[in-house]
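Here come two complexes built around subunit A, the first alongside subunit B, the second alongside subunit C.
This part shows the complex of A and B:
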């Protein structure tokens, strides 16, 4: 069997795979780090939102199913009217409260512009949250880099993800032969060895997840980044393709005013058609018009697939206009998308997604570090501009990214609510701090990127975030336990763990820098220093 | 044992030592562009041709588009790597670029012949 495998993967093929593997990693590693890190945060976007939006930490105990049954007409419509503030209503939608988001999120388009807000399940409008939070900042950064114009961000992220897939496949081919060498020549005394060990370990152990998550990530936006089929059969009209594939329905405004039929009977009918599912989002299109449409999306918390089974009602009569199930291939597409989005209600799986996502960061990070260490050994003690650039970029995309994220979360707790465009100030700070950390890394990289200094910054910021949450909201860990406020407690716990880990790492690195030879870290680095 | 042994093991594992140093830079450029643009062109051709073919064998348009696109995405990273594995870069470009153009033309023809 092994001879057969050897014939399949020739030494020449393995040698040929090393170049694209190395250079795709070195050039796109930083970007992939951002994608994997923000994707991991996105798993807990709702929980981070609660942390960043203290006003929405309402009724953490059993808030999602209040005693009075939830009513679209009584609880949602008055909030919509309030948000419209007397201007002509055109369209609106409301994401309904669920187990992880105890508030509803509304967006209203009127003749006078767009407004939005959050409200409690019983219909009390909350003050503006003043932040994009994880849902509207970290999560879109993961898939669009916030470059929405012309889907540029989608293209860049997809390109990097195809490179990730190619990197995983070429990694398997390269690793196939060295499997034996690898265990024969294990030498724990060398940093380079340890980095390669960790790179291969994460690469092999979490390989199925990494392949799945990279593939399904592109699958979600496939019609946008590979529109060949849409061009051939739908004349390039992606909207028409989606309408056809997902069973969407649309019609233009008629211009004749007509009142909206009660929404609650439609909700009941939708639940009947879904066979007992819960509604997640309600859309009203062409509000107040004779051609108005009410769309209800199903909550996908109880299934793998992202099939939201939209049901379209006539807004005036309340009759069902369209309820179309996808065909088998499109259903497969929804299942693959659901595997990526992980909207299903399963806490152990969510933690696995989070940890496996971070293991992707470890895979990419150790790959970058291994490249740096190896080049440092092969070349002389004097490192060139190329090495320093990759070093600075690695530093900026590993510790710098953490610093920027934590700085934004600290700013979220520090900026007063009165700051104009507060959410944009927060987001701007993220990018400024990130650029700053890259510049710092570029200036300070001599023989090594400034890992220690940046780790100290991570430790200080993560610790500060826990403290600031306590000071500004009064919710310290003990109180969170008493309230059963697990989202906030969980975010605080991960922050505290980050602070502790970064502090330990920073201390070890500092000892190494100051030339102390008793710290365990020294034995790992000595080899690279004297070769 | 020690550094020397490990180093030998390392060089033994990475015989290429960079981008095939004996070959000119334009060969590397040809491979990289074939992997990026050639492979995408091939995937594009397959997605377009597969979609038309799917409708031809009776699939609903949305189903045909989705199936062909998923298949194309599956082969895209492999095709990109193949551009580095093929002995001659020109062959890689010919197959990826040429194949993409052939399939795109075929899909156009099916689209024109069948309304």
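This part shows the complex of A and C:
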């Protein structure tokens, strides 16, 4: 077998793959770390939202309890009226409560501007949450970097994702002993060998997930990344393309006022057309107009595909306007998108997505650390500007990113509700703290980036988050167990685990640094373990 | 079979399969079983067959219980998780032995 393999992958090919792998990793590693970390958090976005928005912890309200059936007309419409506050309604939508988000999320567009809010399932409007939370901050950071203008962020993320795919495949080619090292992680001995073992282990063993998640990540925004088809067939009219492809329906306002038909019969009809399944979102477009449209999206919790099967009703007569099943290509696209977004209601899979997302962070992080360590042992006397830059970048994107995230969560519990534009202050703090930690890393990186100091900061902040949640909401672990408030308990548990791990790491790093002996200098060839 | 039990079964079968496969790797056989000689050829073949059967059984449990889509996805991800767990186990069992610790890095 080995001779056959040697013929398949020659040393020359391996060497040719090495430099793009290294360069892509070193230059884009920080960005990929952000994408993978925020993507992992996005898996539990609803749970982190409950943690960050204590007012929405209204218990697991059975939104579809048989004894108190959820009514769009009785529970949702009054909240919409209150949000509109007498101004002329134009459009609105409400994300209906489900098992993970026990509250409705509404957005109302009126003649006097846009307003939004959250309400309990029985129609009680909650005070403003004052935070973007995970769904509106961490999650968009994952796919758009919050650079929405001209889709710049999407393009940068797509580029990094293609580099990730290339890195995965070139990494497999470079790795000489895939099967001999399949289960090998030598935690003892030389640090750089341990790092390379961990890099290979996460790269090879979690390869199916990493390939899938990188590929489907690009597929989601395929019409944007490869717009040639839409340009040729629809003259670049993306709206018309989506109307056709996804079975959307739109028509302009007529200007003639007309009352809205009852929504509950439409809900019942939609459930019949879906053949079971619950509604997830209700949209009313051109509200109060003769040309009003009611759109109902299906909940995709019970399927892999992200096919929301939208059904469009005439808002005045209540008749079905459009219910179109997707064609084969669109169905495939929805399935691949669903595989990426993991909106399905499946806890073991959700945890696997979270852990494997983090394993992607380990893969990228150990790659960066291996690069640093290898050069450090070679050039024991002097480490140059390039080394120090990569060191600072690695530190800023590994511990710095954690510090920024935890600082935002701590600020979420500390900032009073009266702070103007509270949600923007929180988001601003995230970026300021992140920039601060990168600057700290850049200033303090001489022989080593300031790992220990930043690990202490991670431990302190994560511990503080657990404590602050207890102090500001009165919800400590025992009470969470008693109430069955698993989302908050889960977030607290992961925070506590982070604090404990970071504390252990920081302590070990401090010990190691104080008693460190310099290894004898070796040459670059001697330090090269992978070919 | 309950949901939790099915998921645990899938993980356990995958773990068993990879534990068997790990023993067929010369380095781990040497560290864990017998340093003096390589794993016997017949044992390696039997372990590989057993591993393949375990993986097939895990796939069948996953697909039967979760349906084709969810079952396949769960199985593929469980493969990675089980392999990582076996690697961690091998490391934990090997890290204590003094000979490995002193062995020269390759």
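Definition applied: the second predicted complex is superposed on the first by the 488 of 531 C-alpha atoms of A that agree within 3 Å, B and C clash if a C-alpha of one lies under 4 Å from a C-alpha of the other, contacts with A are read in each partner's own complex, and residues count from 1 in each chain.
Just so it is clear, a contact is a pair of C-beta atoms (placed from the backbone, for glycine too) under 8 Å apart; a residue touches a chain by one contact, two chains touch by 3 or more.
Being a predicted model, the structure only gives us computed values, none of them experimental.
In the superposed pair of complexes, A:92 makes contact with neither subunit B nor subunit C. Once the two complexes are overlaid on the shared chain, A:434 sits clear of subunit B and of subunit C alike.
By the touch criterion stated above, A:218 is placed in contact with subunit B alone, subunit C being left untouched. Judged by the touch definition given at the top, the superposed model places A:166 against subunit B, while subunit C stays out of reach. Applying the stated contact rule after C-alpha superposition, one finds that A:312 touches neither subunit B nor subunit C.
Shared-chain residue A:209: touches subunit C; no touch with subunit B. Look at A:44: by the touch rule set out above, it reaches neither subunit B nor subunit C. When the two structures are aligned on the shared chain, A:354 is found in touch with neither subunit B nor subunit C.
Among subunit B and subunit C, the chain that touches a larger number of residues in subunit A is B. Using the contact criterion defined above for the overlaid structures, shared-chain residue A:190 touches subunit B and also reaches subunit C. Common to the subunit B and subunit C contact sets on subunit A are residues 184-185, 187, 190, 193. Listing the residues of subunit B that touch subunit A in their complex gives 1, 3, 5-7, 9-10, 12-16, 18-20, 28, 35-36, 43-48, 50-52, 55, 59-70, 72-74, 76-78, 80-81, 84-85, 104, 107, 111. Against subunit B, the residues of subunit A that register as touching in their complex are 11, 13, 15-20, 23, 159, 162, 165-166, 169-170, 173, 177-178, 181, 184-185, 187, 190, 192-193, 215, 218-219, 222-223, 226, 228-234, 241, 244-245, 326-330, 332-333, 336, 374, 377, 527, 531.
Residues 7, 18, 21-22, 25-28, 69-70, 73-74, 76-81, 83-84, 86-88, 90-91, 94-95, 100-101, 105-106 of subunit C are the ones that touch subunit A when the two sit in their complex.
Within the complex, the subunit A residues that touch subunit C are 179-180, 182-190, 193, 201-202, 205-209, 303-304, 339, 344, 346, 348-349, 352-353, 355-356, 359, 529.
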